[in-house]
Each structure stands twice: as structure tokens, then as C-alpha cells.
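These are the structures in question, set out in turn.
There are two complexes below, and they share subunit A, which is joined by subunit B in the first and by subunit C in the second.
Coming up: the complex of A and B.
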């Protein structure tokens, strides 16, 4: 049982309240002037040498944002955010492409190493010429990585290999230049700029993110992955991801994120848009591990994210899997709009809040097409002084005959200072639809703990084991590499919550 | 000169200005203060709109757009009252107590009209109601004229008491806002069967508020049968405070009215207390029924059970919102909630929002919700045994509702609910 051994190892190596990814990299950066106004938006657009239509789009979003109110309905508390007291653009200084790894800024390489990105991918990410040519490494199927460092995508690996199948995987800023017709056709069609306060903010100032297009009938030969990293001080990260699966395409996409430890709160307001056409499948997995703040609740990332998928095609399928362990505050509802007949939406989530973390997360399943089905499995774990809310909507439109939903929300409480809340909304306007919702809240059973302790496990390990069991239904949905990482994270996140 | 007809919140505030000097308790400083405060709260809040989270699914515009008058009751229209269900009965016509129609002798406990007893109710009236949070309760506090006051002394078994509310036929829409105060002292018990009816062709608003206090070990069974006329509105709010070892058993049947809101705020305030809230909503074309419950577990070792069922016909809309709030002190809470809806028509809509808010760790809380049509397999099973379609459907609907009703332990209350449900379905089948 190497996985368990590894897990125990990690737990032992980490002392209470530490965050492995809390380092800061000193790299020369370009910043936009602090603050947010029309000229900030123009500056970002100019930096990216964007076409006129995109600048117009951003300015329109900015004007909309200025008229909007910050949402107050989530069950989270935080002091007012000063949107003028942050940098909206920060990018590592661009030099000519290095010839080998030795020429790469060692600080950037150290960052990748600490993030656990393999050397091969490191070379590709750092832009070493010719590094991305040989696709496989010791027979293992590689993962194509797009690394986003503060505001910009620093590199994308395995582009050539993917291009052979006609797959486009690049930074969205690059896609704007290389594939303007696709970007123009799909950008903002799933999450319109005025959708909500943070989506509007993102539309105005988004800096980078990933763009994926899988052509008709292509099954993407490797997992695609983005690594997000907030590094610079006082910056907000506003990335935008757009994934399009054309007819019959299949893709699995992974997203990971980390940030340095700081006493201040930093804002992360991303938008992710997924479009699934006829018979296509998109699997989107997230391991969110932004810095959660210290044990006293100082610092940490405000993670205010809008993620939505449109199953436009018949028999299309979108599956969201998320493991939310980081961030001081998480506010996100990855959703599926099931437009195509027989389309399928899935949402599997584990959210952990420890210390002073707050999470208000869930999903929306909007059934429009006939015989559409959706499944929601949400596992919330609260420890310390954490507050964890599941908020979800299942809506069946009059057109969605034969629609089917099943929702299961379970909450686990560890300690008597935390809270677990469940707020599902069910709206059904079609008599042939069937909607089922179940929710339970409980704490770790004494007899389970006793059983483990009796067999020589420490209390902490026993809790880890039970929590992993509690989350199994969700973890098994994750791709292999992520599942191992997620298990470790669960353990670390619960450090110091028992005993 | 034209007479200005005021509608909505303004209309009620206007009436309060005009009626102020004639409302009961006008010479009591505390009543005046209570009404003035409520008027200020109602003026500030107005009728809740759908932008208010608690009113997301219920649009009050049919009520707020209408202009209502003071009820002008014609004497003698209580003649057609059906036979009483128990020995004692309190009858209210248009929100006013009618002694000549009531039978309260030999009750063994204090029961009477709120208007008469008002001087002795300082500190009791308004002890539980929260007009600052609920605009409709503010409206009631501002304009209440009468209500039922019941005090069952310690250890007394009160038996069955019937509360009948009738709306009379009138030219102009009438509104009435009774305030009912029910108090059971330690170890006392009572079965309160409440039935509201009204004419089928008259628009009116019935806006009752209950304040229910249950002392240690008291047991109250409260069966509410709402069969208001099809043009009527009922917006009712029940507040209940349940002390240690006491049990509050509420069942609400919503079968009438064009628009109904049944809102219950129950607080389990003492250890080992229990609250059962069950209900059924039977809706026909054009009806809207909303059951909203807020259950506060504010003490350890308490149990709560909720089962709500909605059956929808025609173009009707059913709403269920149920919140269980478990405070940090409420360790060893056992909470269960189930709400189910049966859609019998393609035009019906059901909205459901069960909600758990939990701050204690040693708890067992669960909720469930299902929405769907009649099970085709079950229907087939019955048809295969020679049961005609209509009969088969009625068997299944009845079985669906029975699950909620069988939770009512008091026999008189259950019999009353059973016959009300049967009555609704017979009319439906006819």
C-alpha cells in the first residue's frame, strides 16, 4: 500500500498550519499601475496587442461591472474589498527564448520544481527550444501543461504533438491572435460579461488562461492541464479558460492552483466556459489549493469563480470534479446548462474548510433538452472554525420531458466550532421529470474512530482514513495523478483539527 | 371630488391612520406603542417582493395590488356552521370572536376573546412575533382586532378545542388580521383543530398570527385545515416556543384559497423537546400554495420531524421552503425533513428549497426531496389487477398523502384531516 505510506509520510513531514506551496519566487516582473479604471483595461489590452473588438468587449464589460453590486447572498463573511488597491496585470519580464535549461531564470525553474512539475515539462514550460518534440517519456502518457504565472501564461507544453490531431491548446491571449474566429465565436457565450459581478470584472481585466479546441471526432490523446500560480504581491488573478469540444470530441482537463503565503488577502476571479457539441465529452477536474490563510484566519485567497458549461449538442456530456481544499473564501458553482436532448451533466465535489476558511460552493443543473440527466454528489467537511455551504440549483424547464436528477449532499463536522450548511433549490416545471435530493449531516462516528484506534492507528490517521472513505465517491472520479494528490491534500488540510 | 382608493401597503397604512382611535387597546399605552412600531416597520418594508430571498417563489402582487376594506360583517351568517368536532368551539367571523356562535362552557381552562382580555395581555402579546423581520406580521400587529386567547393551567388535559374562522360575503374585498395566543403551562395538553373557510365568490385576505408557548412537558396538537374560498388569500404565520420536554405537533392542510402562505417559526428552546411539522398541499388549477418552515434547534437533545406532501393539478404552483437551524449548543440533535411533490398536470410547477444550517457537531440531520409524476409501474400494477385508471390514480394519491397524515397521533385531528383530504379528492374526481 504505497499510496497510504506516502500519505502518512506527507502528513508527518508537515507540521501544523504549514502550507507546502507557500514560497514566493523573486522574478523580475512587469506590472500595470495599481488600481482599476478604463485605462487599466486599455493597458492590459495593449500589452496583449489585442484586436479592437476585444478591447471594445472589455470596455463594455467594465462599464457593466461599474453598475453592478457585489453579491451579498453567499454565506461568507469578509471585509469590503478595495478594488483600487491591487495590481491587475503582472507578468514575468520577457526575454528571448533560452537554448537550454541552464539559461532559464533559475527562480522560475525552482518554482516549477516546488510545484512538482516533472523536469521534462519544466524544460518545455520554460520555453527551451526543441524540448517539446518527443512526446512520451518512459512509456508514461504525458500530460500537456499550460502554466499561468500571475497574469500570463508562461508556457504550454506538447503543443506540436497535439497539433498533429488538430487540437488547439494554448494561452487564450495567443488564441486571440492565432484563432480569432473561434475565440470570437465562443467567448462570453456561456458566461456573458454581465452574468455576475465577478464575471463582469473578469471580462474587463482578464489577462490569460487556457484555450482548448478539440476538433470533430478527435479523442484528445493526453490529459490537458493548467497550473495556476499567484506569485506577485497585491495582484489579483483573473484568468479565463475556454474549452470547446466539437462533435464527437473527448477531452479531459485538469486544473491546479497554488499561491504564496501572505498576510493580505488576494483576489482570484476566474471565468471558465465549456462548450460541448453533439456527442462530445468534457471532463473538467480541479484541485484547488490556493493559500487558505493561517490558523488565525490571516491572509489567504478570495476565490470567486464562475464556471459554466453548455451542453449544446445532443448526447453531449460535461463532468465537473472538484477538490476544494484551499482559499480563505471559496465562492463557486460549476454549472451545466443541458440544452441538447439526452445531454448529461455531472458534478462531483469535495470541499474542506479548516481553521477560518469559508466555502460557499455547489452547482446548477439547468435542464432544457429532453431526457437530460444530471448527477450531483457533494461532500463537505468542516473542521476548526470553518464554514461550509452547499448551494445548488436543479431547474427543469417545461421543455425537459423525461429529465432526471439525483443529488446527494453529505456533510461531515469535525469539532464543535464549525458549521455545515445545505441550501438546495429545486424548481420543476415538467411533470414527467424526476428529481431526487438527499442530504445528511453528521460527525465522524465514535465507533468508526474506536475501530481504527483499536488497530493501532493514531487519531489523526484514523480521521484521515475515514475522511478519505467519506469522499471516495468523488475521488474515484479524478484522473489517477490527481486522485493521489487530492488524498494527500485532504489529510494536510485537516492537520490539527482533531485531538 | 374623487375618492382615492388606496391599494397595497399604502392602503393598509391609510386604514391604520383612519382606524387608529377605534382599534382595540387604544387606551393602553403598550398596545399603542406596539401598533405604532409595527406601522413604522410595515411602512419601511412594504409587502415583500420576490427579490427578498424568503419570497423568491411567491409573488404577493395579487394581494398587494388589491384594495381591501375593513370587514363589514353581516350578523347571522354563521347559521350554516357544520357540526362541531369536539365539545368546545370558538367561532370567528371575519376575524372577530362571535360569542353567540361559540361554545366554550366547562372548558376547564381559560379561553376567550383577545379584544376583551387585552388589558391583561401586556408582555404576552408580541412575546414571540417578530414584526421587524416579517412584514406580514407587522401588518397583523398594526391592525389586529381580535383573536383567541387560550391558557391551559399546569397539568390540565384540555381535550379538543375547535377554532373556526369564517369569511363573510361582502361587496368589497375585506381584510382581517386575527392574533391568536395559545399558552400551555407545565404538563398541560390540548388538541387545537383550526378550520378556515370562506365564500367561493368573494375576494378577501385572512392574515392570522399565532403565538404559541409550550411550557415544560406540555403537548399541543395543532391541526390546521385551510379551505378558504377560491378567491381568498391566507397569509398565516405561526410562532411556537417549545420548552424542555414539550411537544408541538403541527399539521397544516392547504386545500383552498387562490394564494396561501403557511409560515411556521418553531424554536426548540428547552432540552429534550420535540417538534413535528407535517402537511399536505392539494392544489387545483389557478392555486398557489407556499409552506415555509423555520425550525430552530436552540437546545440539546431535541428531535424534529417534518413531512410535507404536495399534489398539483392544472396550472397550479406549489412551494416548499424548510430551514433547520441547529445552534452550537444543540448537541445530539436529531433532525429529519422530507418533502415530496406529485405533479398530475403538465402545467403545474413545484419549487422546493430544503435548507440545513448546522453549527453543532454531534448531530444527525438529514433532508430529502423528491419531485415527479405518478409512478407508471405502480399504476400498471393496479391496472393489471383490474382496477380502473381513475380509481388506481386515486389509490396512489391517497397513499402518497397518507404518509404525512399518519404522523398525526391525535385521533380527532387525524379524522378531521382524513375527511378533508377525502373531500378534496372526491370533488377532484367528480
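Coming up: the complex of A and C.
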């Protein structure tokens, strides 16, 4: 509850609807030559000193991608993307491992400070050795962070602490070397390279991302998070995240992302794969805050992402929570394939489109196992000239006896130039399954605004309060610290949307 | 002191208020009565600054502050509180959160320190007790799933917390049973003080049995046509507005 008061404070300190993460870090970078061909793929693989099998895997994905077409079914509009006019690899030049804060590239330090990552973690993130092994400073729950800067992971914190429980949390490029058997066993098994156009592209040129393995029966003692930052110009980010929860394991993982303000559009095509074995639980939370473009619709990130979980084990559970406030275009459908009997899939989503932003997002719940259950709660908010589409699929296979789904899609409109669309697909092949769908569309009513203003709230604070209320069911699913952040973000994203 | 002089206003280009003159000295409670369509609610919305209620002439000041020049939230900070005839639902917004946000917004507007969650809770509990209301009131969504009576009580609770210098009650008695009516009246009476004024807008005399006004004004066709003491309300109840109309 106090978070809303804090939301109001934050907004008062922000005078205009500006994207405060839009700065650029000047730092020396290594780039791959511009463009995309087989030698780009070989270059990336060589930079990462990858084993032969992975290079082969990438090349096969690239060959598949070349034969594929961009999907045209999403309800989004954008000019054709020239895939040859971008860099596919950009990494800060490595200097010999800095030993103290004074020696770290001050530009990287400043970047983390500006992004609000706490000093303790800063020291770790910038690669200072020996600063990362004392969790729980001042009683605050530590959060382990993997920081991905353009194409590489620059550091991962609390690795040693986590290793004590047998937990692996590292950059995926590192996992390829340190834990090849796990990577080889699971990579591409949830989202195959040929799954879709962007997944194929990602499989060919993915550069970094996070790898998590929670061993049998282990409950991860802290939140794990990855912070993605696109910094370099004309560069795409293609990260790949793989999380495996072994039998009985429990983990909560968060991701956040920002990028500089630029007039050009930049592509972000990630793949996230989650594997949940018997009795395990994965909670995956996203606060997506890529640069959304300016008020006229110039610039912004194209966020074309494939996220999928397989609940392979009996009674396993995967819960996706996403707060999508950024990006010029969002195209993503975090999904659950419910294979194990009694497995559970959840999807909680808030998507905001303001100005010229477009979002086509939702989920797929594929019921295969017996008595599998899924819950979908989607809250779409459209303001300005924003277009917001919920697109979801609930599929019940003939094997999924006793499957249950509940879907609720609510849309909120602010102003008269935006749009909200709901496209639910339901395919039920089992007579014993129960599938429910509820949908509403509403507008922030003038009388609600007036009521709040009569009680002393400014118009923007009133909108923030009403929107936060509208999203409450989703926001309460977020880990505490993220929930506060998300509430602030919702309000900032809607600045200038009224009056 | 609320001072209204020659106030005219229209809605959708249609004149509704046709020259209101009214003074409510600080410390007094005045009632405005009138038949449906006489402009009672329009007057309350004009004073609170609702969009779509166009002031075409005249003035309205509260303790010397020109209300008509202010945004609705600035009027609230200046001490204007409107108890709504139909309180609005805010789904998902907790009542405690809403009340604290409102209270702190007004305190900020007045240049006073904001209350943290604990301070607020203490204050809210004290007011709830005075008003004989349950603490459940704080836990629920703003007016969501409230009965008509509960919504009005919630208005009174807000008023008690925000302590305005001018409370306008827009037909707060409509749809209330006698117990709820008494709670509303007790709430207003409890606020009576030398630095508080109230404008009680009502269709019926019933409420005025419990909130005894210092003066009663009769509003008809956008003008105040008669002013008197509490006995005027009783007279209206007995003979109806037609008698006033004939007299006017």
C-alpha cells in the first residue's frame, strides 16, 4: 500500500514524461562487422570460444532462419526491418580484471549508478573481485544479479554463495564451458531453433544471457535477476536464458531491461526456456522497460521475444508475471506446456501502450497432462495512440482429462485515439476439461477522475491510482521490491496521457 | 466564509444557474432545498470545479480565495469538500490507501507534513470510532461492493479525515435508511466548529431534523427565491415547493 504514495512522490519529482533511463554510456566496444551472414555466426561463436557442436547448432538455425518469413499475423505495423543494417555483436572492450572500484572503467560504474543498482552490487557488477561474498547486508534480502551489457554478460553476483547450495547462476556463455552437459541436454528443447522466425534468428546469433540450474530439492535462498541493457547504436540484442528447476526445486527469477533513447529502431529478439521437473516451481517476473520511442513514435525497441516453459514433471508449476511498459512494439507470448500430470501454469500480465506504442502479447497454455490447470490474468491499458492486443491460446489435448483453465482479460482505455483488442483462441479436445474466459473493456471514467481530484489528487496521480487499482491482481504477484518499481513505472509510462 | 455573488453557469450551453447570491459565514450550516432540476447539484459541481459545468458570470470565494480560478484539486486543498450524491467506485484501489493518498495530497497542498502509514492508521481508527464505523471500511476497495448507505458513510469518513473548511453535501440523504441518516448527520454535527461551514443540499426536510441548519435557502429555476430559518424547511415539507413558486 505505501507503494502508491511513493508512486505519487516519484512522479512529482519527474517534471515531464521523459524516459529517464535513456542515456548512453560512452565506452570502447568491440563490434562484429555489420550485417548478417554465415561468417557473422562464426564470428560470434569464435568470440565465445564455443565448442564445435554449438557452432553447428547455430549454423543449422541460421540456415533454417534464411528460409523463414517474418510473422505477419500480429496486429502491429512497422516498416520492413533490414537485417543487414545492424550489428549482431557488441561488447565492452575487456581490460585486465580491475581489482577495486577506482580501477573499473568509470563509465560502466556511472551506468550502473544511474540505473539504480545498489553500490554493493555495483562493485560486483563491474567485475571487482572479492566484493561479492557477503549476502544480506543490513538485513536487506540480497538479489543476485547477472548484468548483460549489449552482447555480453559483464558480471554475475553472489555466484559463490549460490554455489554452496549447488545452484548454478552464470552467463550462458560461461555455462557452455563450465556445464556443457546441462546446456547440451536442455538448450533448444523447449523452444526449438526452428520454432519461429525470431527464435531461429536468436538461435543463430544469440550472444549472452543467463543460465540457472537449481538442483534437486533446493529452494533458491535469494531472488535471481538479470538486468539487460542495450547501449550500442545500431545493435540488436539477442539474449538467451535457460532455467532448469530439478525435482522439488523452487526459484524466483526477475528480469529488467532498459535502453538509450535513439531515433532508430533497435531489435531485441530473446529466447527464454524454462524446464520444471517433478514438484518444482519457477516464478519468472519481468518488468520490461525498453525505450518506447518518443511521443511522435520515432525510435524505440522492437521487442520480439519467445518465452516458453515446459512443466515436464508431475505437480510442477511455472508462473509468468510480466509488466510491459516499454518498447515501440512488443510481440511476446510467455507460454506453458503442461506435460506433467497435475502441473500448473500461470500468466499474469500488465501491458501498457501509450503514444504510438503497439503491443501484441498474451500466452499459450498447452494442457497435455491429466488434471493440469492454468490461470491467465491479462490487464491491457491503452493511452494516447497506443494499440494493445491480447492474443492467447488455451489448448487441451485429448490426454488432458480434468484439465482446467480460467482466463480473465481486462482492457482499460484512456482517451479516444487508442485501441484494445482481445483475440482468445480455445481448442478443447477433451470433454472433461473446463475452460472459462471472461473479458471486460472499460474506460477511465470522468466521474472517477473528478472524484479523486475533489479529494485533492492531481489528474495524473488520479490516473496512476486508478491504473494501479486496475492492475492490482497482477502487481500482487510480483516480488515486493519489483512491485514498488512496477507501480512507479506504470504511472510514469502514462504521463501526458490525460488532459 | 463562502461568498457567492451573481453566479451564473451553464451545462451543454443550457443556462442552469441564473444568478446565485449566497453567503455562508464560517461556523454556520446552511441548507439548500429545491425541487428536482432547480440547479442544486449544478451548484455543488460548479463550486467543486467539475468539467462541463461552465461558469458564465459572477464569483465564488472561500475565505477570500477565488475558487473559480482553481483546479478541482486546488479547491480541495483550499478546504472544499464535496460529499457526492453518487460516490464513485474505484476497483482495486484500497480504501485506506485512497484515504491516505487524499489526506496527504491535501496536507501537501496546505504545506503540512504528510502522514506515514502508521500515523494515518492511528488517525483513521480514531475517526472510525467517533463515527461508530467498522475498521473493515479501510480494508475494502473504494466504494466497491458498498451498499448505498455504506457509500455515504464512506463519504462522511473521508470528510472527517480531511477536515474541510467547507463541506458541501449533495443529497447525501438520498437512499438512506434512518440509521444511516443519523450516522451521516452525526458526522456533520461532529465537525461543527467555528472554522467549519457546511452547505447541505437536500430534497427533503428529513435530514434537517438531524442536522439543524442555521439557515435554509430555497433554490428554484437557478435562483435562490427564499431564505429563512429551520422552520422554512418544515413549512416546505407541509405545503410543497408549489407554494414557494406561487409566492415567487
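One rule holds in what follows: the second predicted complex is superposed on the first by the 492 of 499 C-alpha atoms of A that agree within 3 Å, B and C clash if a C-alpha of one lies under 4 Å from a C-alpha of the other, contacts with A are read in each partner's own complex, and residues count from 1 in each chain.
Here is the rule we use: a contact is a pair of C-beta atoms (placed from the backbone, for glycine too) under 8 Å apart; a residue touches a chain by one contact, two chains touch by 3 or more.
Just so you know, these numbers come straight off a predicted model, no measurement behind them.
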Subunit B versus subunit C as contact partner of A:445, first or second or both or neither: second
Partner chain(s) touched by A:433 [first = subunit B, second = subunit C, both, neither]: first
First (subunit B), second (subunit C), both or neither touched by A:424: first
Touched partner set for A:304, first subunit B, second subunit C, both or neither: neither
Set of subunit A residues, in rising order, touched by both subunit B and subunit C: none
Subunit B-facing residues of subunit A, complex: 73, 398, 411, 413-443
Touch list for subunit B against partner subunit A, complex: 53, 328, 331, 341, 343-346, 348-373
Interface residues, subunit C side, partner subunit A - complex: 48-52, 71-73, 75-77, 80-82, 84, 86-94, 96-98, 100-106, 109, 114, 116-117, 141-142, 158, 162
Subunit A to subunit C touching residues, read off their complex: 1-2, 4-5, 8, 445-448, 450-459, 461, 465-466, 468-473
